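So, here's a batch of structures to check.
The following pair of complexes shares a single chain, chain A, combined with chain B in the former and chain C in the latter.
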Partner chain A sequence: MRRKKFIFFLLLPTLLLISFIILYPTISGVMLSFKNYSLYNFQNIEWIGFENFKTIFSDPFYIDTIWNTLKWVIFSVFFQLILGFILALLMKEPFKGRGVYAGLVFYPWAISGFAIGLIWSWLLNGQFGVINDILIKIGIIEEGISFLSDPSLAMFSVILVNVWYGIPFFAIMILAALQSVPDSLYDAAEIDGAGYFTKLFNITIPYIKPTLINTILLRTIWVMNFPDIIYGMTRGGPAGSTEILAVKMINTVFYESDYSKAAAHGVVIILIFFIYTMMYLKLTSKGEFSL
Partner chain B sequence: MKKLLVLICVLMVSLFIFSEEVITLNLIEAFSSPYRTPTLNNIIQMFETLNPGVKINVISPPYETAYQKINLMVSTEQPLDIIEIGDWDLSALAAMGKLEDLTPYIESWPEKNDMVEGVLEAASIYQGRPYLLPHGVFVKALFYRPDILAKYGIESYPKTMTELYEISKKLTESGKNQYGFAFRGKGYPTAFIDIVLTSFFDDIDPNNMYLTKSGEIIFEDPRAIEALNFYVSLYKDTAPKDSINWGWDEQVNSFVSGITPLLFQDPDTTGMLNEMLQPGQYKTSPLPLGTSGKVYPSFGFVGWGIPTYSEHKDLAWKFIKFVASAEINGYWSKSYGALPVLQSVYTYDSYFSSDLFEGWTKMFDDPEHYQFTEYPLDNKNWGKWNEFQEKTMQQVLLGKLSVENCLKQWTDFWKDAGIN
Partner chain C sequence: MKKKIFPKVIRIILLSMFFVFAIFPLYWIVITSLKPTQEIYSFPVRYWTNNPTFFGYKRLFEFVNFKRYFVNSIFVSIGASFVSTIFAMLSGYILSRKEFKWKYPIILFLFFSQMIPTYLIMVPQYTMFSKLNLINKLTSLIIIYSGFGAAFSTIMAKGFFDRIPKSIEEAALIDGCNEIQSLFKITIPLMLPGLSAILSFSFVNNWNELFTAVMFLNTSDKYTVPVGLYSIVSKAGVQWNVLAAGIVIALLPTIIVFAISQKYIIAGLTQGSLKD
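Coming up: the complex of A and B.
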């Protein structure tokens, strides 16, 4: 009993710090979502129950936003994983100038997502964009493609940029895991006559599986909560075709100045994360992988 | 050691005696830009030279997020003494009860009678009180590129909306990346949509752009259907597809590069165009008249206000008054591009009566055809309107929503907001 008390007191500063920097803002945000706190209503703030939630769920664009969020997360994470994996495999073997090459490949990760969004919005511009210019000059197209104004292409474009942005993170994580695979396993497999793909699927992937699963789970949360690129490129347009939940929350603050409604969007996002985390914890508790 | 201590004491006492108290005023601007902020800094430098002991600390948030930053800073009473306020944000800020009513200051200000007629009244949209002193006026005009029009054998600018469409269509050769009109699809396209739409009316309420003089919401009028169809044609037939995603930057870029030689914009665009184009490469003309023979521009303004909690209100007013003086207002408007707020500036500086300002001069001289009206800026739903109108309009342009359904949604929006 005394030992438990001692441990509790040791942990107390950490618990207090976490409560202060995480719990307080979360609770405060949840409380805000049940009020009518907006720029036009600073004088008469009161509890309004589920009114903000009713408003956001009755928005005719809301279902589209959920679909957009799903597309954004699934396609972004899938291609980031595949291409990040390939990049890590290529980077694993030593070659001349690997350090310089690694620096170049990983640099997108060092730039702000919003800045990347702005840069790509100009690169993909239908009239002045470099991408269109190159495609026209090499004769692939005759007229500029409206990457960001055609709703079917707009989502593709923002996902493409997000994939480009996110590959380095997967590559870094996977490369680190690949370097921990003992060479003796590959040597033994080679003696048994295993080819490249046999070694990849029977040694490499199973060995780095915990890293893969952890990275996918964490990236899914980050990507869902990552409006920067979309905001820089399209702000969720045209006609809401690239609007994900996180962008909708920002637009609610920027356009409507309705902080309580934005908080309600935030609460929905937290709930989705909560369900997702429960699944995550369930998987980790089975001991299939660990942090 | 003793000598050193004595020396330090003497130095500290001297510093205390001879040091002058410096008062720092915190100023936040809403429309920062590489073309405008240096001008503001020059003016501040002049003010500081004339007023020793006063320092002005400028806060320049990025243009896109400036309103939010200002609103949050004022609502949480962060140290500010001078705030730049735009017409679209004035009611929200004033409604917080944290803006000083400038009536007593303006009443005792000798130059108040020199103000351009209607500016101060327009700035008193919230409960009839001037919570800011405007430093610039914005009215949209048609910008055009005579050099590009001449290549297509077009001698004059379009005088009606029909001519605008026809000329723009004649200019449009998508294969050559040549279009007619610099369309505004995002980033507050409201002012552009409404200019086109109301030009099909001849009975717009001068106090509320969304009402007819008989008090009906304009969007449920059959003329709105014709107007919006025209607007859609203007986009589909004369503008780049990409322009559905264009804000100010893209519009101006496209105008400068000659891709779209016709543009509706505010006078602050002249500051940038003067830097990027040669003299005579662009001109301005009045907004094209609609089928009604009229057009309804709105009277935008930006000004300086003082928070109620400022500890240096009189000094803040001294600065605001300085910026509003004829010499400084002329310098400010010329370099930034907004229209001056004092009448005397137009007479003493020939720049404001030059060809470049032909568009505005003609509109101001012809109140029969160019009838100024106002947005319902004090309505609590105004903030929501811009995003809603942008999104629904984009749906119409993409063919996802019919013109009739869109107008019904707009009518319902304003009925819910209780404007009539």
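Coming up: the complex of A and C.
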């Protein structure tokens, strides 16, 4: 049938390409996690069952990595959401130069994560960093803080930077959703004497809930999969204090060259995503998730 | 009179705070790239420089061969964004206009392919490409980036197509066009803003990609800009004005592309409501 052929030929290039670049490597990546492929063993690669998983789970620092990943994801997404929401509310009402303003406050989003990490590692430098200088001048601190070499501060610092990077995305999505809330709803509420927090929680948030749900879901997955900023700032250090799963996996590839073990880390990440997505969609009621 | 959500003064203060927070790092990296070496490491910090110098930029282009990285990056990013946008245009059209049995599984497949960590599939991709003899070639990056891009670009394209009324095509069909003619003569011209959004969005992503490029490129004449920055950082004793100059050069194309197509990108994101 001609119609079917038409559909088939226009979809085929994309599906073939994605199967070749993503689907097939994913399957072989999962298979790799059950083998013993490393730089020191690339001749006789064989199945070793769950050995790689046993190795990674028996690492006493693995639990720290999981905690780091959770902290990184939860705090980053939470503050990106809250601050992005506030920015969107501020930008909802038109003002002079809003277009230019949007271009400037949204630009962090177009920069490479690695470059962002580098920029901020310089801003937060313990000796020559401008953030320290500002804090000293305001009188908050007396001498420079080593934001990135102090294990108790490093995670806070990378999250701060990730929030900086992620605010625009939430603001863009929420701003677009806010524009779609009909004015008549606010007018009616005002006649009933509602204050702005009442309006915010009873009209605005319920109305844009689907956008919030989708954006949080996608950002969580993306933030968890995003080692670039941490790589530019600390590479997981000091003393593993900023090592999230994604960073651990890259370090396993680049420094240990144990590709099967790295793949096992990847499989753990996919499993976490799978459980998270299922739970999230269940909790937020499936009907509202539309593609 | 409608009541404002925020009183005016608070609004201006908050908007300015967001502005300073967003823009200050950019200012700082530009000023650092122009400082002479002795000012870089002075503390208290200098917020302005009276002796701006292009020393950082000069070193970057004389010793690090940044020009080569820049050309490589342009080649890879433009190549891959065009390929993925063309693919996405065709498949996004089908997913927007046609009803067929496998439609929703395919959309779901596109969505889940966004979840796969790129670094899980880096090693299998490397093995695959080395069998095809494509290691240390920029072509392999074009193929891989096109694949990553095709998935989200298709979803974005579907969102844009959904906004173009079907009736326009139906009219063309009645006038005697066949489906392919109506797609290329009527629908795609209407899609141009959408396509430019998809194209620029892919460009930004491709331009910024680091880890696959680090894995695939092993001689410095093949490096892309992010790999170049990565290698500068890996070398001991790098000067911050040189690195800052590198970051500024690395930022330029994405900032230009973002500035030009910002409006469309935002529309595209919120239409498709997906990002990788």
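Rule of thumb we're sticking to: the second predicted complex is superposed on the first by the 256 of 291 C-alpha atoms of A that agree within 3 Å, B and C clash if a C-alpha of one lies under 4 Å from a C-alpha of the other, contacts with A are read in each partner's own complex, and residues count from 1 in each chain.
Assume a residue touches a chain if its C-beta (ideal position, glycine included) is under 8 Å from a C-beta of that chain, and two chains touch if they have at least 3 such contacts.
Given the structure is predicted, the values throughout are model-derived calculations rather than measurements.
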Combined model on chain A: chain C and chain B, fit or clash: clash
Contacts of A:Q127 with chain B and chain C, given as first, second, both or neither: both
Contacts of A:F61 with chain B and chain C, given as first, second, both or neither: first
Touching partner for A:S146 - first (chain B), second (chain C), both, neither: first
Which superposed partner A:V253 touches (first chain B, second chain C, both, neither): both
Touching partner for A:I82 - first (chain B), second (chain C), both, neither: neither
First (chain B), second (chain C), both or neither touched by A:I45: neither
Chain B or chain C, by number of chain A residues touched: C
Touching partner for A:L271 - first (chain B), second (chain C), both, neither: neither
Partner chain(s) touched by A:M279 [first = chain B, second = chain C, both, neither]: neither
Partner chain in contact with A:I74 - chain B first, chain C second, else both or neither: neither
Where chain A meets both chain C and chain B, residue numbers: 127-128, 144, 253-254
Contacting residues of chain A [partner chain C, same complex]: 4, 6-7, 10-11, 13-15, 17-18, 20-26, 28-29, 32, 37, 83, 86-87, 89-93, 95, 99, 101-116, 118-120, 122-123, 127-130, 133, 136-137, 144, 164, 167-169, 172-173, 176-177, 183, 186-187, 190, 196, 199-200, 211, 214-215, 218, 221-222, 225, 227-228, 231-232, 246, 249-250, 253-254, 259, 262-263, 266-267, 269-270, 273, 277, 291
Contact footprint of chain B on chain A as seen in their complex: 39-43, 61, 125-128, 142-144, 146, 148-151, 234-235, 237-240, 251, 253-258
Chain A-touching residues of chain B, taken from the complex the two chains share: 65, 68, 71, 75, 91-92, 95-97, 174-175, 177, 185-187, 240-245, 250, 253-254, 257, 259, 380, 383-384, 386-387, 390-391, 394-395, 397-398, 400
Partner chain A, residues of chain C touching it in the complex: 2-6, 11, 14-15, 18-19, 21-23, 25-26, 28-29, 32, 40-45, 47, 87-88, 90-91, 93-95, 98, 100, 106-111, 113-125, 127-128, 143-144, 146-148, 150-151, 154-155, 179-180, 204, 207-208, 210-211, 214-215, 226, 229-230, 233, 240, 243-244, 247, 250-251, 254-255, 257-259, 262-263, 266, 269-270, 273-276
